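There are structures below to look over.
Each of the next two complexes has chain A plus one other chain: chain B in the first, chain C in the second.
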Partner chain A sequence: MAFPTVSQRFQRMDEGRFGLLLMAPTIIILTVFLVGPILYAIWMSLNSMDLTISPDADFVGVQNYVQLVDDPAVQDAVPRTLYFAGLTVVFSTAMALLLALVLNESFRGRKWVRVFILLPWAVAPVVNGVLWRYMFHPQYGLINAALYALGLIKEYRVWLDNAAVSLAIASVASTWKALPFLALILLAALQSIPESLYRAAKMDGAGAWSRFRFVVLPHLRGILIFVVLLQIIVSLQAFDLIYTLTRGGPGTDTVVLNYLVYVNAFERLNLGNAAAMGILLALFIVGLSGLSLAFAVSRRR
Partner chain B sequence: MSNPTLKQAPFLSRLSRRQFLKIAGASTFAAAAGVATGAPASATRGTTPAMAKHVAKPLDGQELNIFTGNHHDKYVRDLVIPMFQDKTGAKVNYTSIGGGDIDAKYAVFVASQDGSQDVLYSWETLNAKYGRTLMEDITTSFPAKTLQGIAPVTVKAFTFLGKRYGIPFDSNIFIMMYNKDLYKAAGLDPEKPPQTWKEFIAYSKKLTKAGQYATLFTLGDGNASFATFASMFNSTGSLLYNADLTKFSVDNEAGLMTMNAINDAITKDKVVDPTGLPLVSSIEQGKVFRAGKFAHYIAAPNHYTLAQDSTQSQVVGKVGMSIIPGLKLRSGSLGLFEGYGINKYSKNKVAALAFLDFMVSPEVQKNVVAINWGRPPSRLATYDDPDVQKASPQFAVVKQQAKFPAPRYGSPFYFDVGTVFSNYMNKMVKGEKTPKAAVTGIQADAQKLVDAYWAKVKK
Partner chain C sequence: MKLRKLFVVCADMTRSFSALFRPGVLYALVALFLIWTVTPVVWVGIMSVQPEINYVAVPPHLRLQDVSLRWYSDMLAQADFADALKNSVIIATLTMVFCLFFGSLAAYPLSRLRLAGKRLFLFASVVMRMLPAIVLIIPMFLLIRLLGLRDTHLGLVIVYTTFLLPFSIWMLKNFFDQVPYSLEAAARMDGCSRLGALWRVLLPAVAPGVVATAVFAFIGAWNEFLFGLILSTSVATPVTVKISALVSSTFHTDTSLVAAAGMLAILPVVVLVIVLNRYIVRGLVEGVKY
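For the complex of A and B:
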């Protein structure tokens, strides 16, 4: 009896099974590197795992989740996180829109400017944090040196010494990095607005503000909502920037939720508690992502 | 999963304790020979290739993995390890990361019970924090004879609740350094540093002028804030904890005196550079001192060695030294002892133990730790060596400073307590808390952390 060759087996395979076969490597990789760790994190969140006491886990059910509600560190981190996210969303969306509007105009060297503004996007997040940290360094920083040279300050000052200013600076740093990507998304949307709409508005006597208000903004509504949601998600995930810029300090003044997950896991070694916090944060972000996706889909329809 | 202790380790059948003692003996003998002949360190390990072929080395064919902070690269990686390999025949793989990331890596080692790294960097808090879960208890396995020559205070710092989790290779404690040129410019006698805290402030006021402050305090993170506080608090003669680290005491006369002194220096006397407050590392502070930008520098003695290096210092030959002026006692300081421990999951514990022993051998203590690094060695006899005294004049001050209290209070909750200090001290210097409110707040918050830890242990 002759056995079928590999090629013959593939040809005889129905489409469903063949599709599954093609997807198998991806499914295996995702299971090992994504689903596995997520399940492990959920398991950890249901166990008491304090590595300063014992490397072993002790099942405690939802106790870690319940403890989070009364944890003063979480209570302090929530408003800080919202403040940082709020500032970042407002800064980044407004700046990206402004930049997209400028880049949508015709001017000499526009192509070069479009390429040049992509540079911050290419900077690694950690490098971004270090860069801004040194710019605001109280003794060697560019900001102090520039302000001093211009006579705007009489002596060097400390910039990262309180929560409000430090988180605002973190927000500016985050905006600077995200700006090119957001501006490009908005620019693409701007370029999809038919020229005829602008001409018609002009013929109706609409000025620049009215054209923006009644032509551009309604057209960008969907993509703007997407940008806002995207920035909320990114801001809630902030860790690398805070780690490199302030390390949560002074004291715990700039500890945001995701940074607190790191502190609980890798400084306090309380993996159960950190996993519970991470899971809750992830669920919140997944919810927002779903919302963002729903908006994107509805806009396409 | 149980892991072999040093006594149960299967490889002990291959490498006996007698062989281990040979390794220790070899290093001691080699150093003694070097001292007796006046030969440089490299000559003591100068076997010819032909001889090497015939002399079996005690760890031939063994591989040892060492994990540490990257501030050890220049000395441990580049100087100690070649000596160790040459002496023992072991092949050493060295890995280092930023000191701030050590905790995260150790957490992974514990969680995965990873024994791939045999020797682990350690200090007082890492011993206490990882004693139960990562560091091997070497109380009985480390040679008692070697231990006899090591400064007892440093050995104590590597002992938590009666168990020893590592061996210190240095006895680093803060001393005071000062810029003699700035003293002269301020009309102060550069040979007469301040003796009391009151004098320190009086001197500092004279050293502070437009655009230049007398000194630098750091409150940038928990570790820096706690170090600033504790080094001064120790000069009151009081203790922050009881012996078993269950009771924390700062809301008292000594705590308030210390907090007032810090607050006054920064906000009332204005002798402390406010732009230095957010700094966290001694590397950053040292750079500013070596640039000649401030006069009084309370730091580890190896910064004196750095200050004499013309490639990175503008104050070569201008640095004076003294013990730190105290608040109540003549002085007080803070111990910053570093060393190495053994990963309890390691499969190569005997070779790891040999490395710990080698780090405190006379040869390494003299040539690497004391002369090249400028750190006060943990082996006490090293201080009497004329070469060491010549190369590291700061050790004379260290010997004096060591007569005064310098506990660091390392514990599993060290960083959390440090963060509490950082929170309150930063608020205090911004005028949001009084010194009294700061010590009261620290007392309450820190005791909660202490209680929470011990409650978990009991559970």
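For the complex of A and C:
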């Protein structure tokens, strides 16, 4: 009897095993390089690992988590993060909705407009930070030059010199990059509104505003919530942008939570503390993404 | 092929019944959005072809006769920057290949076969997609060092593949789901093996989806910064890390040089976006479907 060849063995294998075999490389990669590190991060968060004191780990239970509450750096970073996330959500959702509505209309050159509008999506967050740093630069920023030319300012000013303005600029930059994607998924939703609804509304004599209010908006409710949650998640993960835009400065004025994890790990060398913060942040984000998933699923039904 | 045509039609998204804006308002809004989109890039682009003295002046006096590409050639002549660009090309390309290969192998059973734990896997992969990378940075650093892959292309390729794979699988699965079973059934009847059906029928049928997934993996790897920063020291340094070093350098670097470096770093992805626009649009929409 001939020994079965590899391909014959594949043919005979039942579906479940065959499927597992195909997924095996992925499962191995994700287990070793994702699940493993996650578990290690959890273990780190339960140990005192302050490299400025000792290179050894010392099991301390939830102490790192408890300490976070009293950490002044955390107390400062939370309101900053909320401010940054809030601004970003408002800017990006409002602008994305407007852009989607615009792109949903027919106008000349629409095809090319859509190509151009997509550009920021592909720009690396690091470069995004550089672009906006140069837009608001005290010596050669375009914003200064434009305001000066319009006579709105008498002399160039430093924009990135305080927390409120710097974080607002960060959320403008963040919005700039996120807009194409958000507008496109909103546009896709707009395209799924049945024509008959518009016709019926027009027949009833509904103007543009009431068509928007009573036809478009209710249809977009689910996806708008999805967009808001997504932007909160993205804001909580801001790092690259802050790194090149402000480096957390001036002082520590723009150190948002995610950036603080980095600072704690690589500048303060307090690994246990950084891990605990990272885990908390991750749990919060996973919760939010679970929520957005629920909305996405309910949207389908 | 009929199926491909269908994709293209969907990707156009040109249905329009709303007519919410007056033409004047509409064109004004279009103009504003275009200005908003291109201004930062155009400004840095101008900086990259003008001597610093021109735009430092108040008000800036940009002069056409001063336009020069010498900052680009100077930047490319710097060995470490040219190497960083080369590193990014190598790393992003390999990551793309790995994501497509392992991704389609995994997406096939998730889309086509009866498999225990399928929903759990898919759910877990969405959640992992959202996980902040910063949590994993120290464990990943230790793991990569343990494997002796610090500051190597392979080390970064493995890390980037890990992060981009769940998303690639997700997208490919969504594309596979749209192909009718009958196509494969016909191929199987003709004596095609299951893997043969994946390779010869399913993948060609979703070619636009494969292109979209490939572009996403490439751009994702090209743009990554945090792991590049921590896992590379010199040999494998990607261009994003190089840019951040240039910008925050305490020595005074000619700003036109930094601007040119930034432009060079976004050039490849900008070209991809322009050339493969409709695939990307389609992929963006498909990637968020659950």
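Throughout what follows, the second predicted complex is superposed on the first by the 298 of 301 C-alpha atoms of A that agree within 3 Å, B and C clash if a C-alpha of one lies under 4 Å from a C-alpha of the other, contacts with A are read in each partner's own complex, and residues count from 1 in each chain.
Going forward, a residue touches a chain if its C-beta (ideal position, glycine included) is under 8 Å from a C-beta of that chain, and two chains touch if they have at least 3 such contacts.
Note that this is a predicted model, so its numbers are computed, not measured.
Novice: Answer with first, second, both or neither: which of chain B and chain C does A:L271 touch in the superposed model?
Specialist: So A:L271 meets both chain B and chain C here.
Novice: Between chain B (first) and chain C (second), which does A:P138 come into contact with in this model arrangement: first, second, both, or neither?
Specialist: A:P138 sits against chain B, while chain C stays out of touch.
Novice: Between chain B and chain C, whom does A:P55 touch in the aligned arrangement: first, second, both, or neither?
Specialist: The first partner, chain B, only.
Novice: Using the touch definition from the top, say if A:R157 reaches chain B (first), chain C (second), both or neither.
Specialist: first
Novice: Tell me which partner A:L30 touches in the superposition: chain B (first), chain C (second), both or neither.
Specialist: Once the two structures are laid over each other on A, A:L30 reaches chain C alone.
Novice: Examine A:G222 and indicate which partner it touches, taking first as chain B and second as chain C; both and neither are also allowed.
Specialist: neither
Novice: So in the superposed three-chain picture, is A:D253 touching just chain B, just chain C, both, or none of them (first/second/both/neither)?
Specialist: first
Novice: Which partner does A:F181 contact after superposing on A: first (chain B), second (chain C), both, neither?
Specialist: Touch partner of A:F181: chain C, not chain B.
Novice: I want to verify the contact counts: of chain B and chain C, which reaches more residues of chain A?
Specialist: Tallying touched residues of chain A, the top partner is C.
Novice: Which residues would you name on chain A as touching chain B in one complex and chain C in the other?
Specialist: The answer is residues 139, 155-156, 247, 262, 265-266, 271 of chain A.
Novice: For the complex, give me every residue of chain B touching chain A.
Specialist: For chain B paired with chain A, touching residues are 100, 103-104, 107, 110-111, 113, 129-130, 132-133, 211, 219-222, 225, 274-278, 280, 288, 412, 415-416, 419, 422-424, 426-427, 430, 453, 456-457.
Novice: Which residues of chain A touch chain C in their complex?
Specialist: Listed in rising order, the residues are 7, 10-11, 15-16, 18-20, 22-23, 25-26, 29-30, 32-34, 36-38, 40-41, 44, 98-99, 101-107, 109-110, 113-127, 129-135, 139-140, 142, 145, 148-149, 155-156, 176, 179, 181, 184-185, 187-188, 190-191, 193, 195, 198-199, 208, 211-212, 216, 226, 233, 236-237, 239-240, 243-244, 247, 258, 261-262, 265-266, 271, 274-275, 278-279, 281-282, 285-286, 288-290, 293, 296-297, 300.
Novice: So in the complex, which bits of chain C are touching chain A?
Specialist: 13-21, 23, 26-27, 29-30, 33-34, 36-41, 43-44, 47, 52, 55-56, 58-60, 102-103, 105-106, 108-110, 113-116, 121, 123, 126-140, 142-143, 158-159, 161-163, 165-166, 169, 193-195, 219, 222-223, 225-226, 230, 240, 243-244, 247-248, 255, 258-259, 262, 265-266, 269-270, 272-274, 277, 280-281, 284-285, 288, 290
Novice: Which of the residues in chain A come into contact with chain B in the complex?
Specialist: Within the complex, chain A contacts chain B at residues 49-55, 138-139, 144, 155-158, 160-162, 247, 249-253, 262, 265-269, 271.
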